Amino acid sequence: MFKITDEVIDTQRVISAVEADNAGAIVHFLGTVRNNTGGRRTLYLEYEAYAPMAEKKMAEIGHEIREKWGLDRVAMMHRVGRVEIGEVSVAVAVASPHRSDGFEACKYAMDRLKQVVPIWKREIWEDGEEEWVKPDPVYFDADRGVRTSDG
Amino acid sequence: MFKITDEVIDTQRVISAVEADNAGAIVHFLGTVRNNTGGRRTLYLEYEAYAPMAEKKMAEIGHEIREKWGLDRVAMMHRVGRVEIGEVSVAVAVASPHRSDGFEACKYAMDRLKQVVPIWKREIWEDGEEEWVKPDPVYFDADRGVRTSDG
Amino acid sequence: MKVTVKYFAVCHEELGREEEQMELPEEATLRDILDRLEEEWPEITEFYQVMQMSVNWEYATEGTQLSEGDEVALIPPVTGG
Amino acid sequence: MKVTVKYFAVCHEELGREEEQMELPEEATLRDILDRLEEEWPEITEFYQVMQMSVNWEYATEGTQLSEGDEVALIPPVTGG
(Lines give C-alpha, C1' and ligand atoms only; values in the text may rest on other atoms or scores of the structure.)
Protein backbone atom coordinates (compact mmCIF):
# COMPACT_ATOMS: atom_id res chain seq x y z
CA MET A 1 0.00 0.00 0.00
CA PHE A 2 1.46 3.33 -1.14
CA LYS A 3 -1.04 6.08 -0.63
CA ILE A 4 -1.61 9.83 -0.39
CA THR A 5 -4.65 10.67 1.72
CA ASP A 6 -6.41 13.80 2.92
CA GLU A 7 -7.85 12.01 5.94
CA VAL A 8 -6.41 11.25 9.38
CA ILE A 9 -3.95 8.36 8.97
CA ASP A 10 -5.14 5.12 10.53
CA THR A 11 -1.77 3.82 11.75
CA GLN A 12 -3.20 0.37 12.51
CA ARG A 13 -4.20 0.07 8.87
CA VAL A 14 -0.61 0.74 7.79
CA ILE A 15 0.61 -2.01 10.12
CA SER A 16 -2.10 -4.40 8.92
CA ALA A 17 -1.01 -3.83 5.33
CA VAL A 18 2.35 -5.49 6.04
CA GLU A 19 1.40 -8.14 8.59
CA ALA A 20 2.25 -11.68 7.58
CA ASP A 21 2.46 -14.97 9.43
CA ASN A 22 6.08 -15.41 8.38
CA ALA A 23 7.27 -11.96 9.53
CA GLY A 24 8.86 -11.77 12.96
CA ALA A 25 9.34 -8.03 13.07
CA ILE A 26 7.45 -4.94 11.99
CA VAL A 27 9.25 -1.60 12.09
CA HIS A 28 6.80 1.24 11.98
CA PHE A 29 7.68 4.89 11.62
CA LEU A 30 5.36 7.81 12.31
CA GLY A 31 6.19 11.38 11.40
CA THR A 32 4.21 13.76 13.58
CA VAL A 33 3.75 17.51 13.45
CA ARG A 34 5.93 19.29 16.02
CA ASN A 35 4.70 22.35 17.90
CA ASN A 36 7.88 24.26 17.03
CA THR A 37 10.75 24.48 14.57
CA GLY A 38 13.98 25.78 16.02
CA GLY A 39 12.06 27.18 18.98
CA ARG A 40 9.54 29.17 16.90
CA ARG A 41 5.95 28.10 17.61
CA THR A 42 4.06 26.35 14.83
CA LEU A 43 0.28 26.58 14.56
CA TYR A 44 -0.17 23.76 12.02
CA LEU A 45 1.26 22.44 8.76
CA GLU A 46 -0.21 22.18 5.29
CA TYR A 47 1.01 19.46 2.95
CA GLU A 48 0.61 19.51 -0.82
CA ALA A 49 1.42 16.51 -3.02
CA TYR A 50 1.57 15.65 -6.69
CA ALA A 51 -0.50 12.64 -5.68
CA PRO A 52 -0.24 10.19 -8.60
CA MET A 53 3.51 10.73 -8.97
CA ALA A 54 4.00 10.59 -5.19
CA GLU A 55 2.23 7.22 -5.01
CA LYS A 56 4.31 5.96 -7.95
CA LYS A 57 7.54 7.12 -6.29
CA MET A 58 6.60 5.51 -2.96
CA ALA A 59 5.92 2.23 -4.78
CA GLU A 60 9.37 2.54 -6.39
CA ILE A 61 10.91 2.90 -2.92
CA GLY A 62 9.12 -0.34 -2.11
CA HIS A 63 10.81 -1.97 -5.13
CA GLU A 64 14.20 -0.64 -4.03
CA ILE A 65 13.68 -2.21 -0.59
CA ARG A 66 12.80 -5.51 -2.19
CA GLU A 67 16.03 -5.39 -4.22
CA LYS A 68 18.25 -4.36 -1.31
CA TRP A 69 16.82 -6.46 1.54
CA GLY A 70 14.50 -8.94 -0.16
CA LEU A 71 11.57 -7.51 1.82
CA ASP A 72 8.29 -7.20 -0.04
CA ARG A 73 5.93 -6.11 2.72
CA VAL A 74 6.25 -2.33 2.81
CA ALA A 75 3.51 0.28 3.25
CA MET A 76 3.77 4.06 3.07
CA MET A 77 0.98 6.56 3.63
CA HIS A 78 1.35 10.35 3.54
CA ARG A 79 -1.28 12.87 4.44
CA VAL A 80 -2.04 16.11 2.58
CA GLY A 81 -3.96 19.23 3.58
CA ARG A 82 -3.98 20.78 7.03
CA VAL A 83 -2.32 18.61 9.69
CA GLU A 84 -2.54 19.70 13.33
CA ILE A 85 0.21 19.59 15.98
CA GLY A 86 0.72 16.00 17.19
CA GLU A 87 -1.07 14.44 14.23
CA VAL A 88 0.60 11.92 11.96
CA SER A 89 1.76 13.28 8.60
CA VAL A 90 3.45 10.12 7.36
CA ALA A 91 3.41 6.44 8.35
CA VAL A 92 5.72 3.72 7.05
CA ALA A 93 5.70 0.05 7.98
CA VAL A 94 8.13 -2.68 6.95
CA ALA A 95 7.74 -6.33 7.91
CA SER A 96 10.79 -8.58 7.97
CA PRO A 97 11.84 -11.95 9.31
CA HIS A 98 14.66 -10.25 11.28
CA ARG A 99 14.53 -6.94 13.02
CA SER A 100 17.80 -5.33 11.93
CA ASP A 101 16.84 -5.48 8.24
CA GLY A 102 13.48 -3.99 9.17
CA PHE A 103 15.08 -1.03 10.96
CA GLU A 104 17.45 -0.36 8.05
CA ALA A 105 14.74 -0.67 5.42
CA CYS A 106 12.27 1.55 7.28
CA LYS A 107 14.90 4.24 7.79
CA TYR A 108 15.83 3.96 4.11
CA ALA A 109 12.16 4.38 3.12
CA MET A 110 11.96 7.66 5.05
CA ASP A 111 15.30 8.94 3.70
CA ARG A 112 14.18 8.23 0.14
CA LEU A 113 10.75 9.73 0.73
CA LYS A 114 12.47 12.99 1.66
CA GLN A 115 14.55 12.88 -1.54
CA VAL A 116 12.22 11.80 -4.31
CA VAL A 117 8.54 11.87 -3.35
CA PRO A 118 6.86 15.06 -4.60
CA ILE A 119 5.27 16.38 -1.42
CA TRP A 120 5.68 19.88 0.01
CA LYS A 121 5.17 21.21 3.49
CA ARG A 122 4.01 24.70 4.39
CA GLU A 123 4.55 25.93 7.92
CA ILE A 124 1.93 28.20 9.46
CA TRP A 125 3.53 29.97 12.41
CA GLU A 126 1.73 31.06 15.55
CA ASP A 127 2.71 34.69 14.81
CA GLY A 128 0.58 34.60 11.66
CA GLU A 129 3.34 34.22 9.05
CA GLU A 130 3.54 31.23 6.76
CA GLU A 131 6.11 29.80 4.35
CA TRP A 132 7.13 26.77 2.32
CA VAL A 133 9.57 24.69 4.33
CA LYS A 134 13.20 24.53 3.14
CA PRO A 135 14.29 21.11 1.91
CA ASP A 136 16.07 18.63 4.16
CA PRO A 137 19.85 18.57 3.47
CA VAL A 138 19.51 14.91 2.48
CA TYR A 139 17.68 16.10 -0.64
CA PHE A 140 20.80 17.80 -1.97
CA ASP A 141 23.33 15.29 -0.61
CA ALA A 142 21.80 12.28 -2.23
CA ASP A 143 22.27 11.04 -5.74
CA ARG A 144 18.96 11.94 -7.23
CA GLY A 145 20.17 10.46 -10.49
CA VAL A 146 18.13 12.59 -12.85
CA ARG A 147 19.69 16.00 -13.32
CA THR A 148 23.43 15.68 -13.56
CA SER A 149 23.70 15.08 -17.32
CA ASP A 150 21.41 17.81 -18.50
CA GLY A 151 20.10 19.82 -15.57
CA MET B 1 5.58 2.77 30.38
CA PHE B 2 7.50 -0.49 30.89
CA LYS B 3 5.14 -3.37 31.30
CA ILE B 4 4.69 -7.13 31.23
CA THR B 5 1.14 -8.14 30.34
CA ASP B 6 -0.78 -11.36 29.83
CA GLU B 7 -3.29 -9.66 27.54
CA VAL B 8 -3.23 -8.86 23.82
CA ILE B 9 -0.93 -5.85 23.35
CA ASP B 10 -2.74 -2.68 22.36
CA THR B 11 -0.10 -1.22 20.03
CA GLN B 12 -1.87 2.13 19.86
CA ARG B 13 -1.53 2.42 23.63
CA VAL B 14 2.24 1.93 23.35
CA ILE B 15 2.41 4.71 20.75
CA SER B 16 0.20 6.98 22.86
CA ALA B 17 2.53 6.50 25.82
CA VAL B 18 5.33 8.32 23.96
CA GLU B 19 3.41 10.91 21.93
CA ALA B 20 4.38 14.49 22.61
CA ASP B 21 3.76 17.77 20.82
CA ASN B 22 7.49 18.40 20.50
CA ALA B 23 8.34 15.00 18.99
CA GLY B 24 8.60 14.86 15.21
CA ALA B 25 9.18 11.13 14.92
CA ILE B 26 7.97 7.97 16.58
CA VAL B 27 9.78 4.73 15.81
CA HIS B 28 7.67 1.77 16.77
CA PHE B 29 8.80 -1.83 16.76
CA LEU B 30 6.54 -4.87 16.91
CA GLY B 31 7.80 -8.37 17.42
CA THR B 32 5.29 -10.88 16.08
CA VAL B 33 5.08 -14.65 16.31
CA ARG B 34 6.28 -16.34 13.11
CA ASN B 35 4.61 -19.47 11.76
CA ASN B 36 7.99 -21.21 11.39
CA THR B 37 11.56 -21.25 12.67
CA GLY B 38 14.13 -22.40 10.15
CA GLY B 39 11.34 -23.92 8.06
CA ARG B 40 9.82 -26.02 10.86
CA ARG B 41 6.16 -25.13 11.51
CA THR B 42 5.31 -23.45 14.79
CA LEU B 43 1.90 -23.87 16.41
CA TYR B 44 2.25 -21.07 18.96
CA LEU B 45 4.71 -19.64 21.51
CA GLU B 46 4.56 -19.43 25.27
CA TYR B 47 6.41 -16.65 27.07
CA GLU B 48 7.39 -16.69 30.72
CA ALA B 49 8.79 -13.65 32.52
CA TYR B 50 10.22 -12.74 35.88
CA ALA B 51 7.78 -9.87 35.73
CA PRO B 52 8.96 -7.39 38.40
CA MET B 53 12.60 -7.73 37.37
CA ALA B 54 11.68 -7.59 33.67
CA GLU B 55 9.81 -4.30 34.20
CA LYS B 56 12.74 -2.92 36.19
CA LYS B 57 15.20 -3.93 33.46
CA MET B 58 13.05 -2.39 30.72
CA ALA B 59 12.90 0.85 32.71
CA GLU B 60 16.71 0.73 32.97
CA ILE B 61 16.92 0.42 29.18
CA GLY B 62 14.80 3.57 29.10
CA HIS B 63 17.38 5.31 31.32
CA GLU B 64 20.21 4.14 29.06
CA ILE B 65 18.41 5.65 26.06
CA ARG B 66 18.00 8.92 27.91
CA GLU B 67 21.74 8.98 28.63
CA LYS B 68 22.81 8.04 25.11
CA TRP B 69 20.37 10.04 22.99
CA GLY B 70 18.68 12.41 25.44
CA LEU B 71 15.32 10.83 24.62
CA ASP B 72 12.95 10.37 27.52
CA ARG B 73 9.82 9.14 25.78
CA VAL B 74 10.26 5.39 25.55
CA ALA B 75 7.69 2.63 26.10
CA MET B 76 8.18 -1.13 26.13
CA MET B 77 5.51 -3.78 26.59
CA HIS B 78 6.06 -7.54 26.50
CA ARG B 79 3.40 -10.19 26.57
CA VAL B 80 3.54 -13.45 28.54
CA GLY B 81 1.54 -16.67 28.26
CA ARG B 82 0.35 -18.23 25.04
CA VAL B 83 0.84 -16.02 21.98
CA GLU B 84 -0.63 -17.12 18.66
CA ILE B 85 0.98 -16.91 15.20
CA GLY B 86 0.86 -13.33 13.93
CA GLU B 87 0.15 -11.83 17.35
CA VAL B 88 2.43 -9.20 18.90
CA SER B 89 4.78 -10.49 21.61
CA VAL B 90 6.64 -7.22 22.19
CA ALA B 91 6.07 -3.57 21.32
CA VAL B 92 8.55 -0.73 21.73
CA ALA B 93 8.02 2.94 20.91
CA VAL B 94 10.52 5.79 21.02
CA ALA B 95 9.63 9.41 20.29
CA SER B 96 12.34 11.82 19.16
CA PRO B 97 12.68 15.22 17.55
CA HIS B 98 14.70 13.64 14.71
CA ARG B 99 14.11 10.30 13.09
CA SER B 100 17.62 8.88 12.92
CA ASP B 101 18.05 9.01 16.71
CA GLY B 102 14.66 7.36 17.05
CA PHE B 103 15.64 4.47 14.77
CA GLU B 104 18.92 3.92 16.62
CA ALA B 105 17.35 4.12 20.06
CA CYS B 106 14.47 1.78 19.20
CA LYS B 107 16.87 -0.79 17.75
CA TYR B 108 19.04 -0.43 20.85
CA ALA B 109 16.01 -1.03 23.09
CA MET B 110 15.28 -4.32 21.32
CA ASP B 111 18.94 -5.43 21.35
CA ARG B 112 19.15 -4.74 25.08
CA LEU B 113 15.81 -6.44 25.76
CA LYS B 114 17.23 -9.59 24.23
CA GLN B 115 20.31 -9.35 26.45
CA VAL B 116 19.09 -8.38 29.89
CA VAL B 117 15.32 -8.64 30.31
CA PRO B 118 14.36 -11.90 32.04
CA ILE B 119 11.81 -13.33 29.62
CA TRP B 120 11.84 -16.81 28.10
CA LYS B 121 10.18 -18.19 25.02
CA ARG B 122 8.95 -21.74 24.57
CA GLU B 123 8.23 -22.96 21.07
CA ILE B 124 5.36 -25.37 20.55
CA TRP B 125 5.87 -27.08 17.18
CA GLU B 126 3.11 -28.27 14.91
CA ASP B 127 4.46 -31.84 15.21
CA GLY B 128 3.63 -31.84 18.92
CA GLU B 129 7.10 -31.30 20.36
CA GLU B 130 7.98 -28.28 22.45
CA GLU B 131 11.17 -26.72 23.78
CA TRP B 132 12.70 -23.63 25.34
CA VAL B 133 14.14 -21.43 22.60
CA LYS B 134 17.93 -21.08 22.40
CA PRO B 135 19.21 -17.59 23.17
CA ASP B 136 19.93 -15.06 20.49
CA PRO B 137 23.70 -14.77 19.73
CA VAL B 138 23.53 -11.12 20.82
CA TYR B 139 23.03 -12.37 24.38
CA PHE B 140 26.50 -13.90 24.44
CA ASP B 141 28.25 -11.28 22.28
CA ALA B 142 27.28 -8.33 24.37
CA ASP B 143 28.93 -7.04 27.47
CA ARG B 144 26.43 -8.06 30.05
CA GLY B 145 28.65 -6.49 32.66
CA VAL B 146 27.68 -8.71 35.56
CA ARG B 147 29.48 -12.04 35.36
CA THR B 148 33.02 -11.50 34.22
CA SER B 149 34.62 -10.86 37.61
CA ASP B 150 33.06 -13.70 39.50
CA GLY B 151 30.83 -15.74 37.19
CA MET C 1 1.08 19.58 -29.87
CA LYS C 2 -0.62 20.14 -26.54
CA VAL C 3 0.77 19.22 -23.13
CA THR C 4 -0.50 19.81 -19.60
CA VAL C 5 1.89 21.62 -17.26
CA LYS C 6 1.34 21.43 -13.49
CA TYR C 7 2.78 23.80 -10.89
CA PHE C 8 3.26 22.85 -7.26
CA ALA C 9 4.07 24.63 -4.02
CA VAL C 10 6.25 27.71 -4.63
CA CYS C 11 5.83 27.39 -8.44
CA HIS C 12 2.07 27.40 -8.07
CA GLU C 13 2.43 30.49 -5.89
CA GLU C 14 4.82 32.34 -8.24
CA LEU C 15 2.74 31.66 -11.33
CA GLY C 16 -0.66 32.02 -9.69
CA ARG C 17 -2.12 28.90 -11.29
CA GLU C 18 -2.07 25.16 -10.62
CA GLU C 19 -1.89 23.95 -14.18
CA GLU C 20 -2.39 24.90 -17.78
CA GLN C 21 -2.51 23.52 -21.30
CA MET C 22 0.48 24.61 -23.37
CA GLU C 23 0.65 24.53 -27.18
CA LEU C 24 4.20 23.65 -28.26
CA PRO C 25 5.92 22.99 -31.61
CA GLU C 26 6.67 19.36 -32.56
CA GLU C 27 9.91 18.05 -31.00
CA ALA C 28 9.70 20.60 -28.18
CA THR C 29 11.63 19.77 -25.01
CA LEU C 30 11.22 20.64 -21.34
CA ARG C 31 13.67 23.50 -21.99
CA ASP C 32 11.05 25.09 -24.25
CA ILE C 33 8.58 25.14 -21.38
CA LEU C 34 11.14 26.81 -19.10
CA ASP C 35 11.84 29.41 -21.83
CA ARG C 36 8.14 30.10 -22.21
CA LEU C 37 7.72 30.56 -18.45
CA GLU C 38 10.79 32.80 -18.17
CA GLU C 39 8.87 35.66 -19.81
CA GLU C 40 6.55 35.97 -16.84
CA TRP C 41 8.93 34.57 -14.17
CA PRO C 42 12.48 35.71 -15.04
CA GLU C 43 14.13 33.95 -12.06
CA ILE C 44 12.86 30.54 -13.15
CA THR C 45 16.16 29.45 -14.73
CA GLU C 46 18.02 30.31 -11.54
CA PHE C 47 15.36 28.49 -9.52
CA TYR C 48 15.65 25.52 -11.86
CA GLN C 49 19.09 24.83 -10.36
CA VAL C 50 17.36 23.36 -7.31
CA MET C 51 14.14 22.30 -8.97
CA GLN C 52 13.24 19.29 -11.07
CA MET C 53 10.72 18.55 -13.77
CA SER C 54 8.73 15.45 -14.53
CA VAL C 55 7.06 13.98 -17.58
CA ASN C 56 4.23 11.52 -16.97
CA TRP C 57 5.14 11.05 -13.27
CA GLU C 58 8.83 10.43 -13.91
CA TYR C 59 11.72 12.82 -13.31
CA ALA C 60 13.14 14.01 -16.62
CA THR C 61 16.02 16.15 -17.84
CA GLU C 62 15.74 19.52 -19.60
CA GLY C 63 16.42 17.99 -23.00
CA THR C 64 13.62 15.43 -22.83
CA GLN C 65 11.42 15.57 -25.93
CA LEU C 66 7.71 15.86 -25.39
CA SER C 67 4.76 14.15 -27.05
CA GLU C 68 1.13 15.10 -27.53
CA GLY C 69 -0.83 14.75 -24.26
CA ASP C 70 2.18 14.52 -21.93
CA GLU C 71 1.70 15.60 -18.34
CA VAL C 72 4.61 17.79 -17.29
CA ALA C 73 5.24 19.17 -13.80
CA LEU C 74 7.58 21.67 -12.20
CA ILE C 75 8.79 20.11 -8.97
CA PRO C 76 10.36 22.35 -6.34
CA PRO C 77 12.66 20.69 -3.75
CA VAL C 78 10.50 18.15 -1.97
CA THR C 79 9.89 18.50 1.77
CA GLY C 80 7.53 15.69 2.74
CA GLY C 81 7.73 13.67 5.91
CA MET D 1 18.39 -16.54 57.58
CA LYS D 2 15.61 -17.20 55.10
CA VAL D 3 15.63 -16.25 51.43
CA THR D 4 13.19 -16.92 48.60
CA VAL D 5 14.66 -18.62 45.52
CA LYS D 6 12.79 -18.49 42.23
CA TYR D 7 13.30 -20.80 39.24
CA PHE D 8 12.38 -19.85 35.69
CA ALA D 9 12.03 -21.60 32.35
CA VAL D 10 14.45 -24.55 32.08
CA CYS D 11 15.43 -24.22 35.79
CA HIS D 12 11.79 -24.44 36.81
CA GLU D 13 11.49 -27.51 34.60
CA GLU D 14 14.66 -29.20 35.90
CA LEU D 15 13.82 -28.63 39.55
CA GLY D 16 10.07 -29.20 39.26
CA ARG D 17 9.15 -26.12 41.32
CA GLU D 18 8.75 -22.40 40.72
CA GLU D 19 10.15 -21.15 44.01
CA GLU D 20 11.03 -22.13 47.53
CA GLN D 21 12.13 -20.71 50.87
CA MET D 22 15.73 -21.63 51.70
CA GLU D 23 17.24 -21.51 55.18
CA LEU D 24 20.89 -20.44 54.91
CA PRO D 25 23.68 -19.64 57.40
CA GLU D 26 24.56 -15.99 58.07
CA GLU D 27 26.96 -14.54 55.44
CA ALA D 28 25.85 -17.12 52.88
CA THR D 29 26.44 -16.19 49.23
CA LEU D 30 24.79 -17.12 45.96
CA ARG D 31 27.44 -19.85 45.62
CA ASP D 32 25.92 -21.56 48.65
CA ILE D 33 22.58 -21.75 46.89
CA LEU D 34 24.21 -23.32 43.81
CA ASP D 35 25.99 -25.85 46.06
CA ARG D 36 22.72 -26.74 47.76
CA LEU D 37 20.99 -27.25 44.39
CA GLU D 38 23.86 -29.31 42.99
CA GLU D 39 22.81 -32.24 45.16
CA GLU D 40 19.59 -32.68 43.23
CA TRP D 41 20.76 -31.19 39.90
CA PRO D 42 24.44 -32.11 39.40
CA GLU D 43 24.78 -30.32 36.06
CA ILE D 44 23.86 -26.96 37.58
CA THR D 45 27.45 -25.69 37.85
CA GLU D 46 28.06 -26.46 34.20
CA PHE D 47 24.76 -24.82 33.31
CA TYR D 48 25.71 -21.81 35.42
CA GLN D 49 28.35 -20.97 32.79
CA VAL D 50 25.53 -19.60 30.61
CA MET D 51 23.08 -18.72 33.35
CA GLN D 52 22.86 -15.76 35.66
CA MET D 53 21.47 -15.14 39.12
CA SER D 54 19.74 -12.12 40.59
CA VAL D 55 19.20 -10.73 44.07
CA ASN D 56 16.23 -8.43 44.56
CA TRP D 57 15.72 -7.95 40.80
CA GLU D 58 19.36 -7.11 40.05
CA TYR D 59 21.94 -9.36 38.40
CA ALA D 60 24.52 -10.44 40.95
CA THR D 61 27.75 -12.41 41.02
CA GLU D 62 28.30 -15.77 42.70
CA GLY D 63 30.11 -14.19 45.64
CA THR D 64 27.30 -11.79 46.54
CA GLN D 65 26.38 -12.03 50.23
CA LEU D 66 22.74 -12.50 51.06
CA SER D 67 20.52 -10.94 53.70
CA GLU D 68 17.36 -12.10 55.43
CA GLY D 69 14.33 -11.87 53.15
CA ASP D 70 16.26 -11.48 49.88
CA GLU D 71 14.57 -12.62 46.70
CA VAL D 72 17.01 -14.65 44.63
CA ALA D 73 16.40 -16.03 41.13
CA LEU D 74 18.13 -18.41 38.76
CA ILE D 75 18.00 -16.81 35.33
CA PRO D 76 18.64 -18.98 32.28
CA PRO D 77 19.74 -17.23 29.05
CA VAL D 78 16.95 -14.82 28.22
CA THR D 79 15.06 -15.21 24.95
CA GLY D 80 12.38 -12.54 24.97
CA GLY D 81 11.32 -10.54 21.95
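To keep things simple, chains are lettered A, B, C and D as they appear, and every chain counts its residues starting from 1.
The definition used in the following text is that a residue touches a chain if its C-beta (ideal position, glycine included) is under 8 Å from a C-beta of that chain, and two chains touch if they have at least 3 such contacts.
Worth saying up front: this structure is predicted, and the values here are computed from it rather than measured.
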Intersection of contact partners for chain A and chain C: none
Centroid spacing, where centroids are CA-atom means, of chain C and chain D in whole angstrom: 73
Between chain B and chain D, centroid-to-centroid distance (C-alpha), Å: 24
Distance from chain C to chain B - Cα centre to Cα centre, in angstrom: 49
Touching two or more other chains - residues of chain A: 31, 99, 110
Each pair of chains that touches, named by its two labels: A-B, A-C, B-D
Residues of chain D that touch chain B when the two form their complex: 6, 8-10, 12-13, 48, 50, 52, 54, 57-63, 73, 75-81
Residue ranges of chain A touching chain C (in the complex, touch as defined): 31, 47-50, 52-54, 56-57, 78, 89-90, 110, 113-122, 132-136, 139-140, 144, 146-147, 149-151
Residues of chain B touching chain A in the complex: 11-12, 15, 19-36, 85-86, 97, 99-100, 102-103, 106-107, 110
